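Quick one: the structure is below, questions incoming.
For reference, chains read A, B, C, D and E in written order, and residue numbers begin at 1 within each chain.
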Amino acid sequence: FTNNPTGSSVTLGFNVPQTGPYADEGLDELRAYELAVEHLNGKGDGGCLNTFSSKALDGTGILGKEVKFVTGDTQTKSDAARASAKSMIEKDGAIMITGGSSSGVAVAVQGLCQEAGVIFMAGLTHSNDTTGKDKKANGFRHFFDAYMSGAALAPVLEKVLGADRKAYHLTADYTWGWTQQESIQAATEAVGWETVNNVLTPLAQTDFSSYIAPVLNSGADVLVLNHYGGNMVNSLTNAVQFGLRDKMANGKQFEIVVPLYSELMAKGAGANIQGILGSTNWSWTLQDEGTKAFVKSFGTKYGFPPSNAAQTCYAQALLYADAVQRAGSFNPCAVVEALEGDSSSLPGIDSPSNSGFVFDGLGNGPTLYRSADHQCFKDVLVMRGKENPTNEYDLLEVVEITPTAQVWYEPDHPMFAGGQLGECNPGA
Amino acid sequence: MDAIILQILNGLDKGSAYALIALGLTLIFGTLGVVNFAHGALFMIGAFCAVTLNKILTISYITIDETRTDFLGNPLKVENTYIERWFGPEIGSAIIDWSVPLAILFSIPIMVAIGFIMERGLIKHFYRRDHADQILVTFGLAIVLQEIIKYFYGANPIPTPAPEVFRGSFDFGMLLGFDPNVIIYPYWRLVYFSFSALIIGAVFAFLQFTTFGMVVRAGMADRETVGLLGINIDRRFTIMFGIAAAVAGMAGVMYAPINSPNYHMGMDFLVLSFVVVVVGGMGSLPGAVLAGFLLGILESFASMNEVKTLLPGIDQIIIYLVAIIILLTRPRGLMGRKGVMEE
Amino acid sequence: MGILEVKGVNKRFGGLQALGDVNLSVAENTVHAIIGPNGAGKSTLLNCLVGKLIPDTGSVMFDGQSVLGRAPYEINQMGISRVFQTPEIFGDLSVMENMMIPCFAKRDGSFELNAIAAIASQRDVVEKAEQMLVDMNMIDKREMHAASMSRGDKRRLEIGMCLSQEPRLLLLDEPTAGMARADTNNTIDLLKQIKDERDITIAIIEHDMHVVFSLADRITVLAQGTPLVEDAPENIRGNPKVREAYLGESA
Amino acid sequence: MNVKPDFSKNANLAQTAPAFLSVWDMHAYYGESYIVQGISFNVHEGEILALLGRNGAGKTSTLRSIARLGDPQLRHGEIWLDHQPLHKMASHQAAAVGLGLVPEDRRIIAGLTVEENIKLAQIAPPVGWSIDRIYELFPRLGERRGQEGVTLSGGEQQMLAIARALARDIKVLLLDEPYEGLAPVIVDEIEKTLMHIKEQGMTTVIVEQNAVRALELADRAVILDTGGIVFDGSAAEVLENEELRSEYLAI
Amino acid sequence: MLGLNKRDTTLLIAVAILTLFAPFILNPFPEGSAMAQFNAGYPDLMQRFVIFGIFAVGFNILFGLTGYLSFGHAAFLGVGSYSAVWMFKLLSMNVLPAIILAVIVSGMFAVVIGYISLRRSGIYFSILTLAFAQMSFALAYSVLTPITNGETGLQVYNDDPQYLMGPDSPTATNLFGLEMRSTYTLDIGHWSFDFNAGYYMCALIMLIAVYLSIRIFRSPFGLMLKAVKSNQQRMNYTGLNTRPYTLAAFVISGMYAGLAGGLMASMDPLAGAERMQWTASGEVVLMTILGGAGTLIGPILGAGFIKYFENIFSKINDTVLHQWFAFLPDGLEDFMVFIVHPFIGKGWHLTLGLLFMMVVIFLPGGLVEGGQRISAWIRRRNTDDAEKANGKTKPAE
């Protein structure tokens, strides 16, 4: 199989954005990876190795080989990301590629890894397609997806804002935006909301004033911003500037919702996020053992708490290493088998597809790597912008930890239909 | 009707941003004939002047609060700004609150100095070189400036709010007799619009009522001959560059509250500002301003739902589409002068 | 009926009547000089002949066909070549390349996609261009960058380029201005020789009376956009009106 | 025929006569090509010097070197104007101490009207003739004042170029082929003007292909050939010296 | 040879030898050594070198010869890529039809855009081409997603029709069965060299492309294009219609771009919309100028230079730095890492930006000029040495 490590070390490829608007997020991912490598090689305090439910890893690297890594720059462009991943595979002999900060990149690199015969452990990617119509046997996603965001948010939105709401969506005009909008719309309509309008905004847009100005007069009383990164920071800032949050509509306080939050975006938007609801994959404020161990290692090494992108990357690196260790081989097909698990299942979910590899102790509580589509199922957090942050990292607070059962969907759910995992490809 | 007024207002505002950026660019590109790919970077540096001033004003000393803990369980370090200590909490926080307007004053000497250094140290040697060389060197410079900012401030946007009094919006529609909440308009955008008008007016006046503009135009057409007439054209070019940098910088400072500055914002505006300048017509200041407003307003209209349902995606391409139509119908843009950058 | 017939041509620039009702007939195989004070409209008239300007009214016929409304390259392909008042050459190219371009235009017409053929294999064109350089006494400057020649040399090159097209009508706008006396004389000889050897009609604008009187078969004097007189050279010299408006006492 | 004066390095120029403009052992290059090859001459106050030679002899290059234009590059030599070291100055400084050049291709500035072209010359001190006085000398320019300078006829442009030099208060006027393209009557006019300003004490260097006219006007003549001086003496001497005339001037 | 003069033949042969032996030349450092980071001899990057070489050579036909600066050339590259991937989706994974269609479609696209844009010259032309390309990009990213698959990029899926696909046709891109990714690795001692089928196909096509470009440069057509750049007015009054000349140049260079796009898709069957963005168009402009616009070989050098930095420098991280400077005492090691750190990894843009500036400032004619200066210097040194050896110098004059 491709890049079978023959020496005393094994090389992993960390492919993250290092230039462009997501560079800081990529940097945080890279920090998490370096931490994971440290832990795998038995340095540092061991982090989540101590809390991880699988005890296969022992701090002597992977299968006794020292873990080394190469880094690359995705530039958040699918072309550049593939070029970078290819060089890791062809030049550096990387056995696994991981990272990324957008769904387009994840899908593109996942496709490449499938062709090249290496494992791809997705970083931050939230589009339904990654494990939906574009899923691949060699690819795995720990991060949650747009459907889960919707499913987690809708009940909270109903509880906090009421069931009689009219939503106006602004949606980034590309695949991720569309799937997220579709998911949120479906979930909120299911709790009784009405969708007044959905307006697609150009990706390159920096000033959203002309999209926001008509919102207040449209009959809507909630604005849903299906934006990420710089788009989200700008559209939210603009919306607050237009005073939307001080206004009343239909006799109710006007509200803004940002379905997908990230800590860095929250930082970029500053005071504008206060009181705004959204969802995240994970938060450093969680109090389970896995989270505490990870936050402690990360915080001690870098001096500030990790982002949820960092956490997903850290977990992915450990999960991969653990799978190899359990499989006893670097062969991608053996790894796939190990990550698909022994058909164990999460309690409380009655479904034939509730089957795969179940683990705990990496944050979020018990988690299932579902064998049917290589998507992780775990609790999803609904967050709110904190009113009085004590420091620049403490910007979001947990409103609700949505249990896995509530965000569960079947692999053939229409929003995920269309793709096939295919066969695992071990490469040459 | 209300929707149209709303979009005209939005367009004016967007347009004033475009016009202001294009104005600075046209001084260098349209007048001095230097293809300045670093103009976006100057705009970005302006915005970061606002960020920097805010950072300076909030320089803090640290006290330890034993009663609270940070995320690792250690005693919490609380930051207190010197400004508040020196001027008292009230005045201190007011100064910090007003950091963006204050940054205008702060930015002018910095931007002028950057403009001078850039011109004397680099651009000076490129007046007589190909446009291609100018592109390469200024693009390189833009990257370098951008990376320097990234090195110090990171890639993430940095929130830079306007003073408290300018936050929120005011109901323009009620003024015109519409229902409440129909036409609302943020205060800061009004400030931005007025500020742009002021700067544009000032630059026009300077170039119109002095011979400076004529001399620079002449120098651009034929440096050698202008030198023969005893005029030190180099110095005037340097001054022109300083003005252009200051205009770009002020545009950036004022823009910071509208969208949180990030190191990339210059590149986002770069292409657009070239389009605006060229659509306005090379060498024409009024043209650049006019084109800025025109494109701003058209862009706003294109983002209206009614238009978008008719022509999906039109808001993505409107600027370029309009640019093509204008350049095909008017050979030198809206008000371009003959012979400027036509070969 | 001359080869070139200009009838009732008017041209205004804003408030200025640059050409007012100009009629001109140039007989085939003659040298026709156009003289007149500065700003009389001589160059403007030439511009109307080659498609650079379109007259407001009037007609311009070349060999029985109207040139009005045709693009400059079409007019050139009809057989009209022009030398400009300030040299128009390909400054970035070598002298030899400058000379080859009109030869190609002559051979291939206004457009030909000979993208793969090597220049070296275009023997006929190369030889013709070389011959022309020899004729113009410039063969030693063959590889020189045209822009870095002195101005007199540029002008000689431009004349050569036009001649190499074997035009039926050659329009010369002050061809010897700035040329050294010796080269002026050479040019006069060359033009004379060409006129004798070939079927060519020449219209020449010149302020150097030596050139005008050595070459011209007929002279038109233009003043303030209208022809003052048209006559044989001998009569022009003595014409008091011309003396006053143009020649001055030193003629 | 050896009329070459002895300008060996030790010769003290000031000894020959009190010079107003003196050029001493000037060497100038276009890139690597060596064009002005050690030229030295003096011009006395109020004198008109004719600088003659065939095309490409280096006349323009000499004037450009004196005016301190970037090309050609002065690598060696000294230029003094009224005790001011021009060789240490940039062109705008040279202009400020009283040097005026009318360039050979006139260099009317595109995009500026006739009047703006003149005004431009009056921005930097010292200011010379007033605009009204200039229009008096060249009424034609007054008529055309609002027109874009580059659309003037060739002769009109020449007038504008001279006018621009006079609009500054200059001590030495360098004229590069001022008669080129001008109607004989206008040449007479300009000749008169030059005499007029000479009477007012202007020092002038004139480069001209029309050698006879230039010599009639000038007090002294310098003849250049391939970048060096082959003759330096009185104008009358050239007119008398048959050999010199035919060898270098073809007259 | 082949209708080229001696100098051009030498040049072509030199390029041929360099491309042929690129796997050796680009991998000078032994595997596993600290310097191995600088090796560029792996298939993907080698393919990129030659593909972008083709792109830049084509761009140079337009810009270098006519002086028309197109700021939207990436659109043709993108269109070429999309056409090629569609061929894979519809027919089979054979690259030949894909490349042919890529060239044809981009050529047609170029005819339309060129016909309109060439009505203007100078900066107005540049902005027109930029506007067209940006429109193509924006539409490909969003509205045209059914054709382009938007942000993710167009890929081949298992359920695509692939009408010509037999039961045992290869599922990777191939040329009549020869898979583009098949690589033969030659290990010599600590060194390892990759010989990749796709690379050699691209290299062959690049040689042909360079050969054609030389022929165009040396042809009457090329002369006309240079004349267009020099003086359009004189062209017109010499009886030449400039429009068809410029349009032909535009279309040819558009087809080169389409060819490059088709090859890119053939090496890696994914076509992303960013390929059409202005930054991509700007990149080819930079490549051409950096290498030396209007020179035959410059654009290829420029392309290699930029791609090298993008792919090699971005991958150097602090861990690698520590490895390099490990021989230094600890404090000094950290200091060196601190100094070099801003220029590598996430700072690779900074290095590139500085190099752009340095090249234009010190080598006005681009990298080619740098090469000429070096060879002139060597020649001078050699002659100096020879003279010294002969014990005589030229008499001073």
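In this text, contacts are C-beta pairs under 8 Å (C-beta built on N, C-alpha and C of every residue); 3 or more make two chains touch, one makes a residue touch a chain.
Quick caveat: nothing in here was measured; it's all calculated off a predicted structure.
Common neighbours of chain B and chain E, by the contact definition above: A. Taking the definition of touch as given, a chain qualifies here only if it contacts chain C and chain E alike; none does.
For the pairs A-B and A-E, the count of C-beta pairs in contact is higher at A-B. Note on chain placement: the centre of chain A and the centre of chain D lie 78 Å apart, centres being C-alpha means.
Inter-chain centre distance (chain D to chain E, centres taken as mean C-alpha positions): 52 Å. A separation of 48 Å divides the Cα centre of chain B from that of chain D.
Looking at chain A, one finds that residues 19, 23, 27, 173, 200, 202, 204 touch two or more other chains. The multi-chain contact residues of chain B, meaning those touching 2 or more other chains, are 312-313, 316.
Chains touching one another, given as pairs, are A-B, A-E, B-D, B-E, C-D, C-E.
Contact residues of chain B toward chain D in the complex are 211, 214-215, 217-218, 221-222, 224-233, 283, 337-340.
On the side of chain B, the complex with chain A involves touching residues 2-3, 6-7, 9-11, 13-14, 17, 68, 70-72, 76, 150, 154-159, 161, 167-169, 181-186, 188-189, 257-260, 262, 264-265, 268-269, 299-300, 303-305, 308, 312-313, 315-316. Those residues of chain C whose C-beta lies close enough to touch chain E in the complex are 50, 52, 71-73, 76-77, 81-82, 84, 88-93, 97, 100-102, 104-106, 108-122, 125, 161, 165. Taken together, the chain A residues at the contact with chain B in this complex read 19-25, 27, 173, 197, 199-202, 204, 206-207, 209-211, 213-214, 216-217, 230, 233-234, 237-238, 240-243, 246-247, 249, 264, 267-272, 284-285, 295-296, 299-300, 305, 390-391, 393-394.
For chain D in complex with chain B, the touching residues are 67, 69-70, 90-93, 95-96, 100-101, 103, 107, 109-112, 116, 119-121, 123-125, 164, 168.
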